[in-house]
Every structure is written in structure tokens, then in C-alpha cells.
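Next up: the structures, one after another.
One chain, subunit A, links the two complexes that follow: it is found with subunit B in the first and with subunit C in the second.
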Partner chain A sequence: MALFNHLTTALFDAILAPLGHGRPWFDLVLWPVLGGITALLVIKAVSNQAGITRAKGRIQVHLLEVVLFRDDLRTVFPATAKALAYNLLYLAYNIVPMLVMIVPMTTILVQLVSHYAYAPLRVGDSVTMVVELDDAVGGVAAADVTLDLPDGVVLEAPPVRTAEGMVAWRLSAQTAGDHLLRVHAGASVEDKVLSVGGPARKVSVLRTKGWEAFLYPSEAVPASGSPIASISILNRRDAPLGPFPAGEAGILAWFFGASLLAGFLLKDRFGVTI
Partner chain B sequence: MRHNLLLGALVTMAGGCSCGRVSLDQPGVFVLGVDGMDPVILRRLIDEGKAPNLAALAQAGSFEELGTSNPPQSPVAWSNFVTGMDPGGHGVYDFLHRDPETYLPISSATAEVNDPGTFVKVGGYYLPVIAGDDILNNRSGTPWWDVLYSAGVDVEVYRIPGNYPVPSSDAKTLAGMGTVDMRGGYGVYTWYTDKVPVATPGHDLKGDVQLVTVEDFDLDGIGDTVKGTLKGPPDLFHLAPGALPGESDYLTASVTVSIDAAAPVAIIKVGDAQAVVAQGEWTAWMPVTFDALPAGAMALAGTVRFYAKELRPGFKLYASPVNFAADAPPQAISTPDDFATELADALEGPYYTQGMPEETNALKDGTFNDDDYLSQVGLVQNDASAMLDVSLARFSRGDATFFYLSDIDLQCHMLWRHGDPKHPAEAPHPAFEADSASKHALDIERFYRHVDGLVGRVRARLPPDTLLVVMSDHGFQPYTRQVHLNTWLRNHGWLTMNAGKSAGMLALGDVDWSKTRAYALGFNAVYFNVIGREGQGIVATEALAGLRTQLAAELLAFTDPKSGRKPILRVDSGLDIYHGNRLTEAPDLVVGYDRDYGHSDESTLGEITELELEDNTSRWSGNHLMAPEVVPGVLLTSRPLRTSGNDLTDVTATLYAWYGQTLPPELRGQPFLTP
Partner chain C sequence: MVAAAAVLALPGTAEAYIGPGAGFAFAGSLAVLVGAFALALGTILLWPFTWLVRTIRVGNPYKNALTRRVIVIGLDGMDPGITLRFMREGRLPNLKKLAETGVFRPLSTSNPSMSPVAWSTFSTGVDPSRHGIYDFITRDPCTYAPMLSSTDIKNAERVLNIGKYVIPLEKPKIKLLQKSQAFWKTLGDKHIPSIIQRVPITFPPVPFRGILLSGMCVPDLRGSQGTFSYFSTANRDGQAAFTGGEQTVLRRKGNVIRSRIVGPDNGMVKGGGRMTLAFTLTVRGDGAHLAFDGGESFDLPLGAYTPWVHLSFRAGPGVNVAGIARFYLQSVDPEVSLYMTPIHIDPEAPAMPISHPAVYSVYLAKRFGAFATLGLAEDTWALNERVIDEAAFFEQAMAFCDEREKMFFDAVEHTREGLVTTVFDTTDRVQHMFYRYLDPTHPANRDKESTAFADAIQRVYTHMDGIVGKTLAEVGPEATVIVMSDHGFTNFRRGVNLNTWLYEQGYLCLKEGHTLSGEWFEHLDWSRTRAFSLGLTGMFINRKGREASGIVAEGDEYRTLVKELCCKLEALVDPESGDRAVRKARAAFECFDGPYRLDAPDILVGYEGGFRNSWACATGSVTTTVFEDNTKSWSGDHCVDPDIVPGVFFCNRPINVEDPHIADIPFSILSLFGHAPPRHMQGRMLFESAGGGPVRGVVDASRLPQSGSAPGARIEPEPTP
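Showing the complex of A and B:
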């Protein structure tokens, strides 16, 4: 996971935001279209196009049967059952291309979210940062976890160490910048970036070694032997994206909607049946 | 102008309005409604140089008393201002009305709902099949903002009292006083504690007290975790149609508090939100959702903030009433619906949507002390102040804006006991608390000075020719003696208890209605037990006139044995003082108390107590539910007035006249200024 995140992040950091993070429209249009085209190419290459065409045809035939003979239940029921069966067959034909596409498409989506979902916090905002300890590693108690603050970030309240092995701090950033917060857990040290003020840019809200690391690749995954499982910033601000829906869910909805639309509009040009 | 001027032009061309069109090049109006600002206190502060901005406003224009409504209750007074009518026209006679059939108190804010709709029960859920009556605002009449909007004026109305449920309007309005919390009440806080608070004798706790245990999850000998629940809206899909929710009929969210072993600091989790809070601190607003249907099919969004009163050694945590999430309110609190969201965007976060958010209940309960209360009021002030800035930023020449400030009213209610700002030489209030009085004696004055600062900001930012009006709905007086009016009626033969009863409730079978001629419900209202109107009426309609005169005379003769004073200054017949289409709902008599006196809470709700009069030892120590002449409001304008002796409806008439609108016959007031 760490290597995958490292490579994909390096790649997308190089190619995303060619106009800067203040102009998200370019990537938010380009990448769903590329995603849609990629999906068409994958479907064409790995799916049973003839089978899909046949299944769609059979579904249409049986739906027509239902419409034409709607007064004859002895015809309607079997026709409906057959339409459903061919629907399942149609879905089955799409499983392979979906499996092929799921990783690249999700990777693109995750990278778009990393770059455009969040805005830096405002100068003076209160921020809660939470460190969760890794039970599997052990050896370090919540009492052994401390935090070094850089200039420009101050502690607003003493840390809270919970019985479940979580440590939380309430901080306030007094100056703009990408501040590096250093967490000590026993002998281990992990850093977390806190983005405050300044222009639109890539903002990391979670650094984790769990499965969520795939969804939040902006910062390196903590080492497998680190007693720290995750470091998260709880206060998150959606970056304004103009006419596009904002936030994680907004980008997700936009990406899938726009990819689907692109795929439908271009399928004939690519000679693909979907 | 904030909205499209084309709209005004189109309306004019269509000829759909008989009223005059507004000149597109004329000064606007900004009305600052300061609930409870008293002319005597303000005059003193101006004279002492403590309200320089209000003094400058008075100097440039005018400052005089503003006649209030009868009775001088905020919902009544603001309805007078909103419609230009008296209660006979708008139908809001008191905070509380009564159901004449059952003698039960009912809210004056909503119209009666006769048909709850038709439901089918599926899998334990009551699902609506046929819609019932909508819950509508009880206020009749046309709000001035609708008239101005129709005339093409860009109108914005912020936190207007009595506008919930929100009547439809094309103008931008945000409901204020009377807007409920997510439970559907006027604000129930939650108090998580490891020790049950001791209620003042005779006072029922208003908060939802949850007795919790501080568990020691990590077995280190130090308690670290508290679990509780937060009640949200009633679980309507599981409630029988029309049924009132019981204690367990609310949707809930879980609350977990993890306390640090070394320091008095904790992390609070409610739903998916978490916040770190040290002892004595408030959290920011925390989002919380309540699932009315499974799988998030209907998630109702609210916001809550916590106050860590004590984390160690005891545990006392306050949760505010759950407010509607301003960015996605599950009920309409504004017109258009998205105006509330627009404001949340402008403020970059949630704000108090509850109508009267100052936490007077916790202070009355004793779970808050004055310092806790004032810290909470500070949060409300910050909200209002930020929203005022938004309203000013949106104001352009020619616009009409109303902005409501609650800074003074509730603080006068709660803090008067520390020192009477109006009669400093008076004996201490019965609720005087010596240990905190010296610290808080000047709090009310500080709130006036805060408002003065806001007025300064408003004056500095408005276009120079804008008419600025600073008004209040009523003034204030001390409230030192409680009158149990139903008890007085019992003692004087107007109300008869059932055999064996000397105390009880009107609606709970304690009263012998076959021998009862009159009863009190609400803060100033007395009703006769009329045949054909009341459920068990015995008074003939023909006898009413004589009985009104007789009872009024007896009430005016009523003397307080402790002071020798007469508690009641005036008694009016509803038929004499009100005008309009809703006269049949008017109280038969409206009781106007002298300063120091007022209806007890018990009598207001229809309780008959043992005592007729007693000292008011409650922290609710200042009041205005008296005779109107005892508690006039204030009127300050940025231009000299043409007439004096104005009342609330004259402000309405002035708004009409300022924009050239014809005064409708039902409007009671007359303009005191024109452009």
C-alpha cells in the first residue's frame, strides 16, 4: 500500500493541477472524460461484446413481450422472468471490465479528492488533531504520546488521552502555511501536515496505515512497526469548486456522473456496446 | 438593491398592485428591534455618557417612549409591529391561549390543527397516506415586508419574533423568537451529571437531567468515560397520529465523553463529530443527525454545543437544545427556504436557530450560575453580531431591513435581582444573591452598552440618508411579587374548587365548573366561563357586560397586605381595547399589573395554589407583563419625528409611508415620518 500510494501520488502530483489548484475545472472535466474513454476501451478489450449485444437484445425482446401481451399473465410472468435472467447475464458480462477498471478509476478519483476536496483551514481556526495507537504493535501507551508544535501553531487545551488509546489535541494555527506537527510515540516519530491559510492547494486530512490509506494517499503511510495507526485532522473545510459539487462526496458524484455521461456520448465513436 | 429591479418594473407593468410603486432612487430604512430596551434606563445611560452612539442618534433625530401593546408581551407587541394591527386583528393575545372546551393552555403561535391526516401502520411505522392540516402560524394580517416586497422594495427581515411556523412570503425572512428546537419545544437543554441537581422548592427542573456514571474503562482507578444520549426530534413515524411524545418517544444520538486522567479536559463525541473541551469551556457547534427512517432515508440535521461545567472531581456537562442545522434545516425557518442556508454560508458556519437561545432555563434551574449564563449569552451575542454584519453588508440604498436583537430582554428578566437599573434606591430584590450581586450588579448596563456599540456599527455602515429606527417592543420593571390570580379568583368566589380540593389545575378535574364564573390563563388574560363557548360554561352571554364591570372593580380594589399597594393598575375589557376580525378569541378581561407585580408561572398555566400572593424569589426577577403604561418601549430615529406619542403600529405605518404605500383601513397606526 505504501509503495502504491507513493508511486501514484508522485505521478498525479506531476500531472494534476496544470493550471493550479485555484482552477479545478480543468481536471474536473478532463479526468472524468478520460475515465469514461478508458472505461470504453477496457470494456471493448476485455468484455464479451457479442454476449452483451445478445443479452441487451434479449432483454428488449422480453420487455416488448411484457408490453404487448400485458393482458395475458401466462405470457407476462415468463417474459418478465426471462428479462430478469438476461439482466443478470448482462451484469455478469460486465464483471470482468469492472474488476479491471476499479483500481485505476478509484485511483484517479482518490487523487482528484486529495487535490481538490479540502481547503486549508483559516488562520485562527480551532483544530482537533487525533492520534490513534496501533493495538497490533503495542508497547506504547497513550501517556507516552507527545506532540511538538512548530512556530505558528499553539495548543488551546491540554491533550486528552482516552482509555481506548487515542490522544487528541485542540490546536490553533496563528499563521498561514503548511505546518509540520511532530508526534512522538515512545521511540517512534511521525509527522503530520496542517495546512492553514494561503492559496488553494492539496490538503491532507488523514495519515493512516489502515485500509483508508488507499483513500488518503497524500502523506506517507506510517511504517508498519510504528505504534501510531493514524493521525487525523477532524476540522475539515470543503474547498469551493465553483459550479462543481464540493467535498469528497461532491467530487465522487461528479466524477462518476461525468464519466458515465462521457462513456454514453462516446460509445458509438469507439464502437463499444455497453 | 439586493434583488432584481426588473421584478419591480414587471409588477408595475402588470398593474397587479393597487399600491404605489417605489421610487428606485430613495433612501432605505434599517430598523433595529431591541427587545426590552427601556426608556428610563436608556435616558440615564445617555445622560451619564455611557451610550454615546444612541445619544448621537437621538441628537440627530429623536428619542422618545414608544407605546407598547396591551398586554405588553413580546409575541403580542411584535405582532402589532408586523401587521400594524392590535390583537383583535392579528389574533395573538398572549404567549398562551386556551382551549375553551378543555380549559387547557395552548400556544398562541400556531393555529389549531383539526386533521392530523391519515396514516397506515407498516412494520411499526406510521406512514402518511393522506396529508392532514399543515401547522400554520396563528398570526393573521399582512406583514409589512410582504407589502414592501410587492412594491419592489428589497426587504430582508432577520430573527423576527412570532414568525414560526413560517408563513409563505417572497421576502427574505428568518424566524426568531418562537422558533422551536429539534424537540419541538422552546428549548430543552440536557444536563449530564453524576449528582442529581437539587431543584428549588416549588420549581420543576426545565432541563433534561441524565444521571451518568464516570466509568473506569482502563481500570487505572480513575474514571475516564461517560456515556449518555442526546434527544432530538420526536420519533413521529412511531408515534400514533396526533399523540404527544412521551419521554421515550424521541430520536436520540449517543454521546460519549472521554476524560483525560491527568487534566480536566475531555473529548466529546456525538454522532460522527468530536471536539476537545477543557473544563469551563464551550465546544463549537457540533453537527448531529437523527435518523427518522432506517438506512439514512430521512436524516434530520441539527447542531449542538456542549459546556464542560465540571469534568473532575464531579461531572457536569451541559448540552444546548439541539438547534436546526442552519445549512440544512429539517423544517422551514426562513423564506425562501434557502435564506437560512444563505446566511449559514455567509457566516461560514451554524448559528442559533432556536428563537430564544439564551439559556434562562439552566439559570432558573440552578444548574448554571450567573457566570455560566453570561458565557452562554456571549455566544448568542457573537452570533447576532456576526449576522448583523452580514445584514449590513447586504444592505444597499433603498432597501428595507429589520434586525432583531435579544441582548437586553432576557438579561433584564434574569439579572434584575442583582441591582435595579431603574430604581437603584429600592430595597434589594427578594431573589437578591449577596455573593454574586457585586459582580453582576452592572451586567444589564453592560448589555445596553453592547447594544450601543452595535448601533455605532450600524450608523457607520449605512448609506448616509438611510432612515435608522431603533425601537423596542416594551420596557422593563422589577418583578418582586407574584400574583396567583386563579387563587385570588377562588378566594373571591369567582372560581370554585371541587369538594376536598383547595389547590389544583384548571384542566385536571380540580375545579367545579358548575360553580365557576371566571378563570385566568396566560400572563394577563381572564376569561368568563361562558355557556356555549367554554366546555362547561355557566355564564350567560347577556350577563357578561355586568360581570366584566364587577370583576374589574374587584380586581382594581385588590390590595397587597405586605406593601399596602394595589397590584393591579388597570383592567380592560377585550371588546373595548381590540379591533378586528378575531375579536371572538379575545380574553374577556386583560389584567395590567403595576410595577413589581405579575402573574405567577403557576397561575399562567392554570394552577390554583394555596397562596394568593408571595415574594418572587425566582431568578426570573425583571418583567414587563404589566400594564402597558408601566413598560413603554423606546423609539429612536435618525430624523426628527413629525409626531409624538407613537406606538408600535405607528412604526409599521411609517414603513408603509416611507415607501409610498397606501395605509390599509385595518392598520391602526399613523406614520411619524415620510421621506
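Showing the complex of A and C:
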């Protein structure tokens, strides 16, 4: 996972935001369209196109049967059942291309989220940072976890430590910049970037060892022997994206809709049945 | 889109999103789920209301019915004499069984005895002077130009001009010219469902409470009644066009040929001309491969039809006109020859209305695949012009028949109560084109093979018998099953040019310096012409007040002229054989009394068997001779005296009368369902009661009409042993 994140992040850091993070529209239009085209190519290559065509045709036949013979319930019920059965078959035909596309599509999506979903905190904002300890590693208690603050970030309140191995600090960002917060857990040390003020840029909100590392690849995964499972910033601020829906969910929804639209518009040109 | 909307509405679930591939499936499936449930739910919820409305309006529509299900199998052109002969030979076991259970009688037909007229009488239950259809074509009385009798098609009048584009703001105006009202409309008003398939003169479909697929007179995509294409490296006869088709001369570079298919006019572009579809044909061994520019490609096996190929003509940005055609590669060496059927309207994306509801043709195409939609689907002109041979024509006709058969049984399956009417054209087309095989002395046999398809007509009759058998087994004895044809058949050996005859007799005059005319009355001097002939049986008087340059006054002058012509026509003798050519010439004013009687040809020429209007006469030409041999493959016909070409009437119920008429059938069907036929209908009730009438069994051969003395005038049934 660490290597995968490292490679994909390096790749996308190089190709995303060619106009800068302040102009997200380019990537937010380009990548869903590329995603839609990729999906078409994958579907064409790995799906049973004849089967999909047949299944769609049969669905249409039985729906039209319902429309045409609506006065005859003895036709309507079986026709509806058949339409739904062929719908299941249609879904089954889409499983293989879906499996093929999971990793590349999610990777693109995750990188878009990393680059465009969050804005740096404003100077003066309060922020809560939470460290979660890794039960599987053990050996370190919450009381043993400490935090080194760089210049420009101050502690607003003493840390709160829980018996479940969580430690939370309430901080305040005093100056702009990408501040490095250093967490000590026994002999282990892990860093977390806190982005404050300045221009729009890539902002990391979570550094974790868990499966979610795939979704938040901006910072390196903590070492496997580290007692720290994750470091997260709770007070996230969605980046404004102009006409596009903001935040993680907004980008997800936009990517979903735009890639679908591109796929539907281009399917005939690519000779693909979807 | 539905899925996208759902995700936007529920962003929390969006994290489960795993890519557009899943999205496509999800979107499509969700749409189906939503659509199916909405349709099913809507249907179920609405059903009690529709039932209530129906009950309040008409009560129980079957309250007085003698039957709740009627199946009409129309076998266009099935001849009683030939049927009886094949029946006796044991080739039609199902029809024989049907006749023995119920009845088989000749069915008197309309005058003139041709499909558009007879089927219009079947549809409406009235004679031609009430439905207004007398022929395939008639003349425009203002210009004498030919026009289709059945349909009037006009381009949209309201258009938006943007640069070179002409955007129509309304649909083209397509109007059915048949008058009166189809009996299935009456049934629909009584909430009795109907599925009507391919009955002639139903284009465009008139909305009613039922389902209809249009038949004869549906045009091809180019707007004609069928224009085939013939692509060849050989310039056959140096012709650019055949009757009913066009030739494109191909230039071969190695194994590659570039050419294009000519489609319909592009009405969206000013001066756009015809739309075309460029293709590359590559010869590969014994076959070839055809690839459209930027589109579909497919193999062309030698001597076999391709399946239906979808053709898409680009009219403008984002606007395509869809058609379908089948290809038949005839040779690749030494010459490359490729035949393409007329471009049929694509039933999945019809450019013109060919069904009611409009989705019915889509449903059939999705269910069974693309199918022939052209009214005269079987390409008789391609065989007439010898562009294809008998084998290719027969294969095409039977393929279309198979398409029709699937639709028919689908209709039967979906009509547990109500009416199904399907017309099969194959019987008519095959008899037209293969009649010469029944007559070894037929002039059309000259220079043609004349034995290989001697059984073609019998094979078609037997095939239809199979359909009847399957139907009887499927519907059981409770349903009323009628097998009928609109007319019979007779030989067509000699063509008669009535225009030439009129010219010789001084009734038709040409302009100074001309002794012959071109098609459509070219060079006719209307100021001196009293009579002319157009179409297959009609002779018109150039009447003052009706025709633009009419010279014959109404009243005595008109009636005297008509009588005079009728007498002379009935005395017309073929100088070659000494046979009378015309059995009966009837004055329209004596035959018709309906509101559209003035549209009728003034004289209906009822030929003897063996004779018919010549090809040149039908298109309004004056030629050198009155009589000529018919040497075309179109060697059988029925445009003669209606008395000698009755159709067939089979029913699994005995009937009341010995002489059923085609107009009796719609009348009787309405009565069978327990509803009084409208007063304007002219038929009789054939069925006395649920048990039927006294007329039953197979007709005696002696009751079949005789058809004159011309050799081979009619293939008579073998005498009873």
C-alpha cells in the first residue's frame, strides 16, 4: 500500500493541477471525461458486448410489452418479471468490467480528492488533531504520547487522553504555512502536516495505516511497527471549487455524473454498448 | 442519469462509488427497475379505473358475442382453383381439415380486383366508391400527373432557415387517402382489442384503440414504393436505371472497390440532394467484405443474403435517418455484382410512422430482429429486370414470410380475446413471379429457365397451410379462425395497351408530329383527347369540369361515350389468337353510388384470363401495338374481370351463404363480437349462430368461375376422379 501510494502520488502530483490548484476546472473536466472514455474502452475489451446487447434488448422488449398490452394483466406481470430478470443478467454482465476498473478509477478519484477537496485552515482557526494508537503494536499508552509544535502553531488546551488509546489536542494556527507537527509515542516519532493560510494547494487531512490510506495517499503511511495507527485533522475545510460541488462528496458526485455523461455521449463513437 | 441524481442527492453513499463501469450498469439497471416498477404499478393501479370506465361506457364488450377471439389469416392472392387442386393432391392437409370442419368457398372480391382496393373493402366493409381506393395510382385531375391513391406525403411547411440548414418545425404531413372507417376502429371503440398486421392501405396508421403495423403502400426510405440498387463492375445494358431500381457502375482497383449507397433526399440542407453512404468493398476469395466509412462492416458471402444491415444517413449535425437493407453478392469474378434491396424504413427508429402505437414496430424489431417494412417488400422488380434470379427472389420472399409468421404468432399469443388480422403477401408475390412455371407455353418462358421453380407456388401454399395448422392447434376450437384472400390469380400472357387502342380508334390524340407518347401522357393533346387509360384496369374520360382540360360534357355525351367504349372494348379481339381480350367493361356510373364515385375511373376494364393492361399502358404511354406478349417474370396477375378471380374463404364455422363477399367479413366479425355493424357497412352476416349456418364443407369444383378461352388462362383444378 505504501509503495502504491508513493508511486501514484508521485505520478499524479506531476500531472495534476497543471494550471495550479486555484484553477481546478481543468482537472475536474478532463479526468471525468478520461475516466468515462477509459470505462468505455475497458467495457469494450472485457465485457460480453453481445450479451449486454441481448440483455438490454430483452429488457426493452418486456417493458414495451407492458406498455403495449397494459390492459391484459396476464401479460403485464410475466413481462415485468422477465424485465427484472434480464436486468439482473445485465448487471451480471457488468461485473467483470467493474472489477477491472475499480483500482484505476478509484485511484484517479482519490488523487482528485487529495488535490482539490480541502482548503488550508485560515490563520487563527482552532483545529483538533487526533492521534489513535495501534492496539496491535501495543507497548505505548495514551499518556506516553506527546506533541511537538512548530512556531506558528500553539496549544489552546491541554490534550485529552482516552483509555481506548486516543489523544486529542486543540490547536490554533497563528501563521500561514505547511507546519510539521511531530508526535512522539514512546520511542516512535511520526509527523503530520498542518496546512494553514496561503494559496490553494494539496491539503492532507489524514495519515493512517489502515485501509483508508488508499483513500488518503498524500502523506506516507506510518511504519508498520509504529504504535501510531493514525493522525487526523478533524476541522476540515472544503475548498471552494466554483461551479463544481465542493468537498469529498462533491467531487465524488461530480466525477460520477460527469464520467457517466461522457460515457453515454461517447459510447456510439467508441462503438460500445453499455 | 437517475443514478447520478441519486448520488448527488445522497452524497454519503457516494463513497461506495467504484468507477464509471459500475455507474453505467447501476444507472441502466436503476432506470429499468424504476421504469418496470412504475409501469407495472401504474398498470395495476389504473386497471380498475380502465375496467370501470369500460364497464360504464360499453358494459361487457363480449355480452352478446358468439366468439371472444377471431383470427384472420390473410393470404394475399390465394386462388381457390389452385387451392382446390393442391388440397386434392394432399398438399394442404390443414386447410382441408379447416374446410371439413367449417367451410371453404370462393370469396367474391372488389371491382377492380386488386389488393389496395379489395383490402380497403375488407378494412371498411364498403365498396370503392365509399372508401375511394380504385387502384395503386390515379391521376391528378388538375395536371394528369400520376399520384398514389393511398397516401399523400407533403414536407413540413413550417421551417426554420439557419444558414444552409432547413430545420423543420413540424412533422411532414402524411395522410391516408382511404375514406370511411376501418372496422377495427369500431371494435376498439367497443373496447375489443385488435392487433392488425400488414393489411394493405394502412399507411400512415390511423390511431385507434388497438395495435397496427402498416402494410402495402408503406414507402421505402427514399419515399418510393421500392427502389433496389445494383452495383456492378459490368455496365449492364448501359443502363443507369431499371424500372424499380438503379444501377451503379463500379470501378475495381485490384481487390478494392469504392462506391456509395444513395439514400433519401436531405431535406435539412438547402440543395442537399440525396444523402449517401460511402463504402469500401474488398473482394476476398469467393466472397467480399463491405465496410461503411467510419461505421459498420460485414462479410458478403457469395450467393447468399446478408442479414438486415442498418444504414444511417447523416442529414445534419446530430440528425441521422435510419434504414435497413439486405445485400446479395452475385459474383466476384470476372465481374463484381452486388444487389441491395430497397432501403426499408428501420422499424427500430422509423423515419415515418409505420405502426400504431409508434413503439409497436420497435417492440417487434427488438423481439424478433429487424424486419421488412416496405409495403411491397418482396422485390418483384429486381426479378422482373433480371437483376436477381428466381432463387434469390424466392429466398427473399420466404425470409420475409418467416418474419411475418413470427409477428403473427406473437400477436396470437397476446390476444386471448379480440381480433388478430395478419396479411401474408408471399402468396401473391410468388404467384405473380412464378406463374409462368405453370404454363409451359407462357411467353415469359422465352430465354428463361422454366423448370427449376415449377413447385414454387405449391411450396408457398404448403407453407401457408403449415401456418394455418399451427394456428388451429394454438387457438383451439373456441376461437373463430378465418383464412381468406383478397383475390385469386390468373395467367398474364398478353399485355393490352388501351392507350394505343384509344389512339388508333381516335379517342386519344397526340400533339402534332407525334405518333407515340412517353410515360405519363407525354405528348398527349388534351384538348382533343376524350379518353385515356392509367393504372391497371381503369379508363378515364376527359370530363369537362373534372379534368383540367376536359372536353367531354356531362350528361348524354358522357354516358354515350362510356357505353360506346364499353361495347367496343368487349368486342376487342387479340389478332394473334382471335381470343376476346375483355370479358366485361363496366361503366362506373352503373357500378358505384357512393360519395367518392366521381374519383373512380369511368370504365373498369374486366379482362379475360390471360390478358391485362400492358406495362406501357399502366404508365400512360402510347406505343406501336395494342397487343404484345408479356415476357416479364411477372407472369401471373389478377387485374382482370373480378368474377374470374375470386379469393378464398375458409372458416372453422359453417356459414349462411354460398357466395360470401369480401365486404361480408368485417360485417360478420363485428356481428360475431356481438356489436351491430355501422349502417354505412355493406356486408352481410355470414354466421347465423354460434353453431354456424347450413353452408359447410369444401366447394365443388364446378362452382368455381371459368376464365375464358385463352390458352393457359387459368390453372384449373384437376377434375375430381
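The rule is short, and it goes like this: the second predicted complex is superposed on the first by the 274 of 274 C-alpha atoms of A that agree within 3 Å, B and C clash if a C-alpha of one lies under 4 Å from a C-alpha of the other, contacts with A are read in each partner's own complex, and residues count from 1 in each chain.
Operating definition for what follows: contacts are C-beta pairs under 8 Å (C-beta built on N, C-alpha and C of every residue); 3 or more make two chains touch, one makes a residue touch a chain.
Since the structure is predicted, the reported quantities are computational estimates derived from the model, not experimental observations.
With subunit A as the common reference for superposition, the partners subunit B and subunit C occupy compatible, non-clashing space. Of the two partner chains, subunit B is the only one touched by A:Leu234; subunit C is not. Counted by residues of subunit A touched, the larger count belongs to C, out of subunit B and subunit C.
In the superposed pair of complexes, A:Ile59 makes contact with subunit C only, with no contact to subunit B.
After overlaying the two complexes on the shared chain, residue contacts for A:Gln49 are found with neither subunit B nor subunit C.
Once the two structures are overlaid on chain A, subunit A sits at the apex of an angle of 100° toward subunit B and subunit C, using CA centres and rounding to a multiple of 10. Applying the stated contact rule after C-alpha superposition, one finds that A:Arg74 touches subunit C and leaves subunit B untouched.
Look at A:Tyr90: by the touch rule set out above, it reaches subunit C but stays clear of subunit B.
In the superposition on chain A, contact is made by A:Ala163 with subunit B only, not with subunit C. After overlaying the two complexes on the shared chain, residue contacts for A:Thr128 are found with subunit B alone; subunit C is out of touch.
Taking the two complexes aligned on chain A, the least Cα distance separating subunit B from subunit C is 9 Å. Of the residues of subunit A, not a single one touches subunit B in one of the two structures and subunit C in the other. Of all residues in subunit B, those touching subunit A in their complex are 216-218, 224-225, 258-263, 265-267, 273-278, 281, 284. In the complex of the two chains, the subunit A residues touching subunit B come out as 126, 128, 130, 143, 156-164, 166, 168-170, 234. Here subunit A touches subunit C in the complex through residues 35-36, 38-39, 42-43, 56-61, 63-77, 80, 83-84, 87, 90-91, 93-94, 97-98, 100-102, 104-106, 109, 245, 248-250, 252-253, 255-257, 259-261, 263-264, 274, going by the rule given at the top. Those residues of subunit C that touch subunit A in the complex are listed here as 1, 3-4, 7-8, 11-12, 14-15, 17-25, 27-29, 32-33, 35-37, 39-40, 43-44, 46-47, 50, 193, 211, 357, 359-360, 362-363, 366-367, 414, 416.
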